[in-house]
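A short worksheet on the structure shown next.
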Amino acid sequence: MAMKKFINDPDNLVHELLEGFALANSSKVQLAGENLVVRAKPKSQDKVALVTLGGSGHEPALSGYVGEGMLDVSVPGEIFAAPGPPRVIEAIRAAHRDAGMLFVVLNHAGDVMSANVVMGMAESEGLNVKQILTHEDISAGSREDPSDRRGLVGCLPVIKVAGAAAEKGCSLDECLAVAERMEHNMATLAVAVSGATHPATGDVISTVADDEMVVGMGQHGEAGGGTQKLATADKTAEIMLNALLDDLKVKKGEKILVLLNGVGSTTLMELYLVLRAVKRTLKGKGVKLARSIVGEFLTVQEMGGFQMCIARMDDELIDLWDAPCNTPALVVK
Amino acid sequence: MSATIGCNDFIRMLRAAIAQIEQNHETLSRLDSHGGDGDHGSTMRRAMACVEKAIAETGESPDLKALLHNVGWAVMGVDGGATGPLFGMLFMGMSAPAAGKADLDAAELAGVFEAGLASVRKNTKAQVGDKTLIDALAPAVETLRKEADAGADPTRALEAAAAAAQAGAAATKEMQARFGRAKNVKEKSIGNQDAGAASVSLIFRGFAKGVQSNG
Amino acid sequence: MAMKKFINDPDNLVHELLEGFALANSSKVQLAGENLVVRAKPKSQDKVALVTLGGSGHEPALSGYVGEGMLDVSVPGEIFAAPGPPRVIEAIRAAHRDAGMLFVVLNHAGDVMSANVVMGMAESEGLNVKQILTHEDISAGSREDPSDRRGLVGCLPVIKVAGAAAEKGCSLDECLAVAERMEHNMATLAVAVSGATHPATGDVISTVADDEMVVGMGQHGEAGGGTQKLATADKTAEIMLNALLDDLKVKKGEKILVLLNGVGSTTLMELYLVLRAVKRTLKGKGVKLARSIVGEFLTVQEMGGFQMCIARMDDELIDLWDAPCNTPALVVK
Amino acid sequence: MSATIGCNDFIRMLRAAIAQIEQNHETLSRLDSHGGDGDHGSTMRRAMACVEKAIAETGESPDLKALLHNVGWAVMGVDGGATGPLFGMLFMGMSAPAAGKADLDAAELAGVFEAGLASVRKNTKAQVGDKTLIDALAPAVETLRKEADAGADPTRALEAAAAAAQAGAAATKEMQARFGRAKNVKEKSIGNQDAGAASVSLIFRGFAKGVQSNG
């Protein structure tokens, strides 16, 4: 089927979407420099700033998390493509402060390369910036060698807790420690039931057979079972949750956060069914569902499917997760 | 034939490289579509447009360091995966040893490219044999050094480097990708040249042609 | 293509989704009685309560707006089917208070019939409840005879301002007046680019040809142009906005709210492009974009398309629109 | 043949109506699929399941008013469009004049149904000719009154009412819908019977059969 999207000139897509995004959220964010997204009311200079980068086409991520309690600056790239170093270093320079900066990078080749160049430059310029790399997709690589593990929606809890710590006035090292604790204690698995199209080129990004689903979008479905027959909400939840609990070695009595991220055309309705099933399975295992959140946080255009992210929580992480924030895509009172 | 390479020679080399990419971008995208995401040709084209823009912006009487730095920085600004940082680092890395030099002899040219390769290596652990652009770039740079040591002039050295890059790129056909997106398809990556290596080969072909057009 | 949804027993779908919904939002809502959604912390009895009813399958609507500053009770029906009167009167009886109740009904045949029966019963029981009917879809009927105009996403601003008025302690008559002012000053138009499936039966609900869009989902596209070739974001925004401004007779210098509601697989990215185009067209006409909001508020499963709702605002309506709320699907600080 | 209709007669009538719907629900859904959303058969089936449940729950020695009220209330509880409120109001409306009566003669039976019709009319402005269930219900109820006035017993009156309902439903075939979802397809609604009218016809057919099974 032909792509059916409301767009104008594909070459101007990212700029236009950012304009509309800033307009819709003018009380919270604004555009600065060359397509950088910054807070409408900057955080005071004595607090650590959070900066991130990432391809566009995943709205509301990542710019949707710029605002009080979360990010200070987001550097959106082209559709599905990390921004090159020049705009990123511009952002880092602009956000520079003595309190320091935490640079949140999702593990994707382009993002990491861009980030590495920028970290090198920042160091030589004497900018106080530390990097946290998120790589929690268990469908490739292992917990011991996570270099192949992609960064999926787990960036959200990392940004949330580190952002809350920064807002509280924690030091850069403290913010980094919180971010790392969150990162090391989470695991994500994705399932896809239908493909998506690249909004600028119209290319089909991925396809799934009519009666199938793909658990673990790593090409070989290293964890989770790969391509299989479409299953019920209950069964799918169980398959994914078990793989995640296993990977994270969650033990009886531990408290976890469960985040369900719809990636496109999968409905909230379905995600609620999945959460219900997750809760039942956890109960059977004696694992406590400390917090849960369901929505579309990091999308892949009109793709059908979702990401399930779980995280082992301690009391401090729960407090930071519960802390207020006021961003376009997440508001906590 | 030139005994030394000046800034204007470099501009001619770069423009010839741009022409090579322009003529072959469809092939590059096709190569990237086996295992990659099929965008390498269009990304390289965008990168080359940035190179052209950087040349123009560097102005009338450019200095070589500034030219290479600006080109590298411009290429870096291309959003899109691995290409921007890798090729951007190549040119930016080349700029440092060019500082204060108006003309490069063959040994200095080799030094400039060695610095570029070193800078690329800072951004990837890929080695020769891993089916990446390193497979074309490393032999090309080594050849520049060998030719300079053997007393070749820059023109001859670049011609030899282009041949080495081409051979290196050709050799990637039989390799299994261990870096980049093509890594995910494992053994299925065997059978086609690596797109990035093919780009490097085209760029060196352009350099060799461009420097000759000054003959 | 076969339906690809994560569900379990179709007969238990609504109950399961409500369980998951309540779980994901346990700090804000809870289930009561027979699948009623009520606030986790009830509003004090001296304030007017807001009650609504509506079919399920449109998540987050309508139950997603139960919470501080918006609804008190929502009565979800089966998928796409209004709840019958027994559960609705149960909700009304439970929410009963001397301050009175505002009953928000969207103009759809089943909803209205159910509401009418309930209003008759409530009257005979001496319950203090007043009804506000939303019918702002301009694709059928006319502003003078709106009986054929369906209630689309315009229920959201009505609930928002009336809910804010109730929270402030306004009387039932004041809340009703605010709701009516909002209702009379709004207009909505929908565009569809792809169909959806009924999640319980798997039936195809509607289809759109591969290269077409349908503006105004009234069968004959009485306003907006009906079936036409898929257009750009700019062009589509212009077609729809002009039809809405016309219907609402918006004049130069007036202030409007623009709400863009993605109904399923259409991305936030596209909606941002549309909002940008709306802003430009308004500027050209000298109409002020006082407020805007973009998201998925009332969906139709995986359907592609969106609803554009505009509303003429006065200062009081803007204040009520800006007032804080804390619901699963909308949080304003 | 009965001179009066008691509660147990009504239960038999209702059960026969349930059987009619059960046998014909696919036809009802098919009729609803021209212009409507094709769910009328399944909704009526669910409604009839509620009727059966309400009969059972009304208990051993039911009173007519309670029976009709409970049946109406149960049908109302069926989520799903127009059917629940319309058919629910029919039965609930019928319950009021049945108060305090154990057995109904033909005139009282007509009065009960007239009250049901009036209650339906409170929920719709549809008139005969608008292609809705009113087209079957209104003539059926009028016929009950005429037959009672002419001295017919309830059995005969119900038989005549069923025939009138059937004729009314048949006549909807040539009509254009002015209420309900089918209104949206305008002239395309012509050519098929209205689903709701067909349901009413089946229900009255059931009533007529059910009351005879007591013969």
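The chains carry the letters A, B, C and D, assigned in the order they are written, with residues numbered from 1 in each.
Quick note on the criterion: a contact is a pair of C-beta atoms (placed from the backbone, for glycine too) under 8 Å apart; a residue touches a chain by one contact, two chains touch by 3 or more.
These figures come from a predicted structure and were not determined experimentally.
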item	value
Chain located farthest away, centre of chain C as origin (C-alpha)	B
Averaged-CA centre spacing for the pair chain C and chain A, given as whole angstrom	29
Distance between chain centroids, defined by C-alpha means - chain C, chain D (Å)	34
Gap in Å, rounded to a whole number, between the CA centres of chain D and chain B	83
Between chain C and chain B, distance of the C-alpha-averaged centres to the nearest whole Å	57
Overall pattern in which the protein chains touch one another (line/ring/star/complete/other)	line
All pairs of touching chains, each written as two labels joined by a dash	A-B, A-C, C-D
Chain A partner contacts - residues on chain C that touch it in the complex	1-2, 4-8, 13, 16-21, 23-24, 56-57, 59-60, 193-194, 199, 210-211, 213, 230-234, 236, 260, 264-277, 279, 289, 292-294, 296, 299, 301-302, 304, 306, 324, 326, 331-333
Chain D residues touching chain C - in the complex, by the definition given at the top	38, 73, 76-82, 84-86, 88-89, 122-124, 180-181, 184-186
Residues on chain A engaged by chain B in the complex (per definition of touch)	55, 77-78, 81-87, 109-110, 113-114, 116-117, 120, 140, 203, 218-220
